[in-house]
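Both complexes shown next keep chain A, but they swap its partner, so chain B is in the first and chain C is in the second.
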Partner chain A sequence: MRTYPLWAKLLGYGVFCLVLLAVPLFISDDYLLNKFARYLVFGIVALALSISWGYAGILNLGQAVSFGLGSYCMAMALKLRTIPIQTGAEGLPDFMVWNNVKSLPWFWVPFHSYAFAIAAGVLVPVILAFLLGSFVFRARVTGVYVAIITLALLVVVNLVIIDRQRYTGGFNGLTDLEPLELFGVTFDPYAVATYYLIAISLAVALFLGLAVVHSKTGLVMQAIRADETRVRYFGYDVAAYQTFALCLSAGIAGFAGMLYTLVMAFASPTFLAVPISLSIVIWCAVGGRTSLLGSALGAIVVTGVQGSLSDTPAFLETWTLIMGVLFIVVVLFLPRGLISLIDLVPFGRRTDATPARAARRGRVSVR
Partner chain B sequence: MIDVFNQIFSGLSIASILLLISLGLAIIYGTVGVINLAHGEFVMLGAYAVWFLESQFGLGLYPCLVLSFFIVGALGWLVERLVIRRLYGRVLDTILATWGLGVILQQAVRLSAGAELRYVKMPEKLSQAVSVFGIDVSSYRLFVLGIAILLLAVTYLLIFRTAFGMRLRGVVQNPEIARCFGVNTSQIYALTFAYGAGLAGVAGALVSPLKSVSPDMGTGYVVDAFMVVVVGGVQSLLGTVASAGILGELSGGLAYLSNDTIAKALVFLGVVVLIRFRPQGLFALRVRRG
Partner chain C sequence: MAILEMRDITVEFSGFVAVSGLSLGVQQGELRCLIGPNGAGKTTALDVICGKTRPASGHVMFDGADITQMEEHHIARLGVGRKFQVPSVFRELTVRQNLEVALSRSPGVIGNLFRFSRSSAAEQLDKLAELVGLDEALDAAAGTLAHGQVQWLEIALLVAQDARLILMDEPTAGMTAHETQKTAELFMRLKGRHTLIVVEHDMAFIKEISDVISVMHQGRLLAEGTVPEIEANEQVRAAYLGSGGISGA
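Let's turn to the complex of A and B:
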């Protein structure tokens, strides 16, 4: 393991972001740009998981809950702008009419306002994460139990959304959406503006994350990952830091969910189903969970390869198989992900041989 | 009154399936200390084994029950040898590796057997209803309940009445000391993992006539089974039984009052509250550390 000076990291992150922003200059195919935008959204959600999992040691198997809730908030705001065929302007969304709902339920009413919807897309996941975090971490529930609770939460939220078809569109989700219009710009799925919005969001998320993990809070988070009890003995409120990490991660994931609705032009219960949550964990692990850039790159590369194979369906099926194998191999032999291969380049300070590292080896997040 | 009996029985039926699935999981977690997220896929493979043996060789359900135990058990043994044994002491990583394993198994089945739903025939004799205490109950569900009790008894005897069980308990208490006394811990781990996987295979074989068989049928089961293990407390056979009973009756009852989804959500909330206040489970005698 090597540590790199902050300026080197900033340089690397900066170059990466500039490359992302330059992509539309070389690609004029709208369809391809839309695909790239999707990969970048996955990059954002993977880096969000890296904050809670890679830095604070909270393995959140239900990351897709935040992603999906954000997506639904945005989708509902857009749905309410869509003029339904049956009821005309300001009427009920079509799926509610089909389900014999007479009036818009109270919790969807404020979504007529974009400002509220966008705030909700971030705050709803954050509040949920806060409730879960303060409830669970106060009891010093850690490790595997957190993983199982978050997984169960994911399954339940997914079931409830499918079950409450009258209010959520059930299996079909929210489809047939108007494109988002803000400040005179239309964020159509195939517009260059949408790509820029997403690329800038990813850049902001990267630097925001970098700022957090290099702050004192971030250091305490990493200390908790290494040895929770010891940090508690130093007098830190461990639960508060863990809750903070979970909330920050949920907020970013919620925002990514909103962006995903813009690129896909629908929201569906599959956005918060087990497979996508698993994928997020895989991207993070493959790219390198202890690196924000690594996680984001992991998501972009994996989904990118997957996307380029999607033209041949037979191969796509096999791809899932290959992903599973790759995932296990990375977990077994490369716990810090593919980005740790950068250590092979002789640059930065080696920290392998220190006793702290050796001590951590034996104790990493076992409990 | 009839309603109450009906309700109790349907809860009992859910509980027996829960018990079958979570028994293997509890043994693996309690002994090997591995959170096996591929357990649902082991269940799925058990169901597919029955479907395959039935459609290819025309075997009935009874021989399939035995065969699926050995087929899935052998696979479990292989998995332990190839993957799990490299991850002892890294509990969180076992979650990841077994999750990845689940993906591989699911996809392998999808590619080889196809993604469409498969159906397994119920044995003729067990497809009628029988009358118990004045209510009609499905004889197949009674059969499942009987097998669940039988396997529980076998597991109990295996752990508490055999030489293998004694070594196993020794390894659970203190692997180093057990090794000093000449116990082959690595072999114990492998066999225990295989046994747990085999139990999942039987569970899958038993649910196959009740539900349609599909590659992703395991996902739901694994979460339910974890709820059972968490509520019951790790390393407590009795706890697993009691919590399967409680959760089965609870979800049966709540589903009767509202619907399946709400029942599941409420049971889940209850379990989260329980973990908050009693992370060691309802019936655990001591907390497992490390």
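Let's turn to the complex of A and C:
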């Protein structure tokens, strides 16, 4: 694996973001644009996992908890906007009426405010991650046990949401939402504005993530991934760094969850179920978990291929098989993911003018 | 004045007494060698100082503070650095990144978010790398270094950390004679500015670098003195029975 200077990475990330922003210029099909927007949301949640898993070495199998909670926060705000239309000015969300709820539960009340809902969509996952991280990492739980605990948390949160149907909509989730209206723009699932909002969010998340992993904090995170114990004897509070990585990842995933509600126009317990949570891990592995761009691309490529295969009648029955083969091939032959294919591109060779430098470059094998 | 004082330290691992009633004082700027037959408790003694192992009884005082029950990273922040027996550098990171991690004067998460590699630090890193002969390999992954180079990188990490007290567990293990010689020179330069405790088996190396040797046997301090004193000590000879005294160890 070659190592790339920061300016080359910035250039690569910049080009990628420009391509994303240019997509609507060439695609006028609303349905297709909506699909692309969905893939980009998955890209955001995958790059969030890349920060905790790829950089800090924390395999979070419950990444979808953050994603789902973010999604519900947005959906609750949008659901409250439907009250005057669906159940009258003094009414309750329709599913609460069907469930015989008499008054709006206290934790629904502040979601009348968009500002609160958007803040909560990020902060609720962050606070949960902070609590989890504080307990788990202070107790020096590591490796596979962290993965098991995060998976257990996912199942618990999922069950609670399904079980509390009166307040959460249960299995059905929160459906029939109003579109988000902010600053005079309506973020309808099929609107170009929604696509731009998501593309810009992905771009911001990419560059924000890049800034973090290139800071000293990002470096210490990578050192922790390599040898947690050794880092401790340099005076770093390892648990604090791990908790930070988990919280940052959760916050970005929560934001992605809110965007997902906008493109889907509903929130469902399947957003924080085991299948999607494990899919996020697969996207990162396929794209390259030690690269933010790689993880995002992994999500976009895998979900894109998945989407077009499952839409093609010929592959209706077999597309999961094809995805399985793709996953196995990448893990076996490209352990650093699809993004490592960029090493095959022979650009930049001419800069190795002197033989000494070329020889040195040959020995170097770091990302 | 004593920068480190271990008072009556006892360590038990589920019934097995690894260290029993060990008391040891080390002066500021001193280079102390800690020797003893296998299983004497040398590594355990270092583990107690850096917080890896908690003693069943006794106290460790560092620069006047009781560090016996402190967490490892707090002890490290006070100025205690540790090199382990098994080389432990960050193999996937470059030599430069390894050194950057070791420059740990500000260890906070949030503060470090706004700290990026700067030229001032780069100069310091170049000097450090030169000190241990790794200036050519700054951008190589630590995992690609030769064994001797890894040992030196570890030493450089401790210097970068700027630890006042450096604990070295077998720093020359697996080194060639030439590499050992270079390491001895390096230690002589560190002595005075840093306080060092070195666990070693290589007597030639010890004779070259040490002021005072402490000999441990079966978890206790057996003897303490200069090289000639220790070589003449009957008890030490008995402890090393069959291996021809410490010179043959």
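In this text, the second predicted complex is superposed on the first by the 329 of 367 C-alpha atoms of A that agree within 3 Å, B and C clash if a C-alpha of one lies under 4 Å from a C-alpha of the other, contacts with A are read in each partner's own complex, and residues count from 1 in each chain.
By definition in this document, a contact is a pair of C-beta atoms (placed from the backbone, for glycine too) under 8 Å apart; a residue touches a chain by one contact, two chains touch by 3 or more.
In this text the structure is predicted, and so the values were computed from the model without any measurement.
S.K.: Does chain B (first) or chain C (second) touch A:L151, or do both, or does neither?
M.R.: A:L151: touches chain B, not chain C.
S.K.: For A:A240, is the partner it touches chain B (first), chain C (second), both, or none of the two (neither)?
M.R.: A:A240: touches chain C, not chain B.
S.K.: Scan A:R230 for contacts with chain B and chain C and give back first, second, both or neither.
M.R.: Touch partner of A:R230: chain C, not chain B.
S.K.: Pick one for A:V109: touches chain B only (first), chain C only (second), both, or neither.
M.R.: neither
S.K.: Look at A:M323 in the shared chain and tell me whether it touches chain B only, chain C only, both, or neither; answer first, second, both or neither.
M.R.: Touch status of A:M323: first partner only.
S.K.: May I ask you to name which of chain B and chain C touches more residues of chain A?
M.R.: Counting contacted residues of chain A, the larger count belongs to B.
S.K.: Would you sort A:V281 into first (chain B), second (chain C), both or neither based on which partner it touches?
M.R.: So A:V281 only meets chain B here.
S.K.: A:V185 contacts which: chain B (first), chain C (second), both, neither?
M.R.: After superposing on A, A:V185 lies clear of both chain B and chain C.
S.K.: Identify the residues of chain A that lie in both the chain B contact region and the chain C contact region.
M.R.: Dual-contact residues (chain A): 364-366.
S.K.: Spell out the part of chain C that touches chain A in their complex, as residue ranges.
M.R.: 50, 72-74, 76-77, 81-82, 84, 88-94, 97-98, 100-102, 104, 107, 109-110, 112-116, 136, 139-141, 144, 157, 161
S.K.: In their complex, what parts of chain A are in touch with chain B?
M.R.: On the chain A side, the touching residues are 59, 61, 135-136, 138-141, 143-145, 147-149, 151-153, 155-156, 159-160, 162-163, 274, 278, 281-282, 285, 317-318, 320-321, 323-325, 327-328, 331-332, 335, 364-367.
S.K.: Could you please specify the touching residues of chain B with respect to chain A in the complex?
M.R.: That would be residues 35, 83, 86-87, 89-93, 95-97, 99-101, 103-104, 107-108, 110-111, 219-220, 223, 226-227, 230, 259, 261-262, 264-265, 268, 271-272, 275-277, 279, 289-290 of chain B.
S.K.: Could you pull out which chain A residues touch chain C in their complex?
M.R.: Contact set of chain A toward chain C: 3, 212, 214-217, 219-220, 222-223, 225-227, 229-238, 240-241, 244, 360, 363-366.
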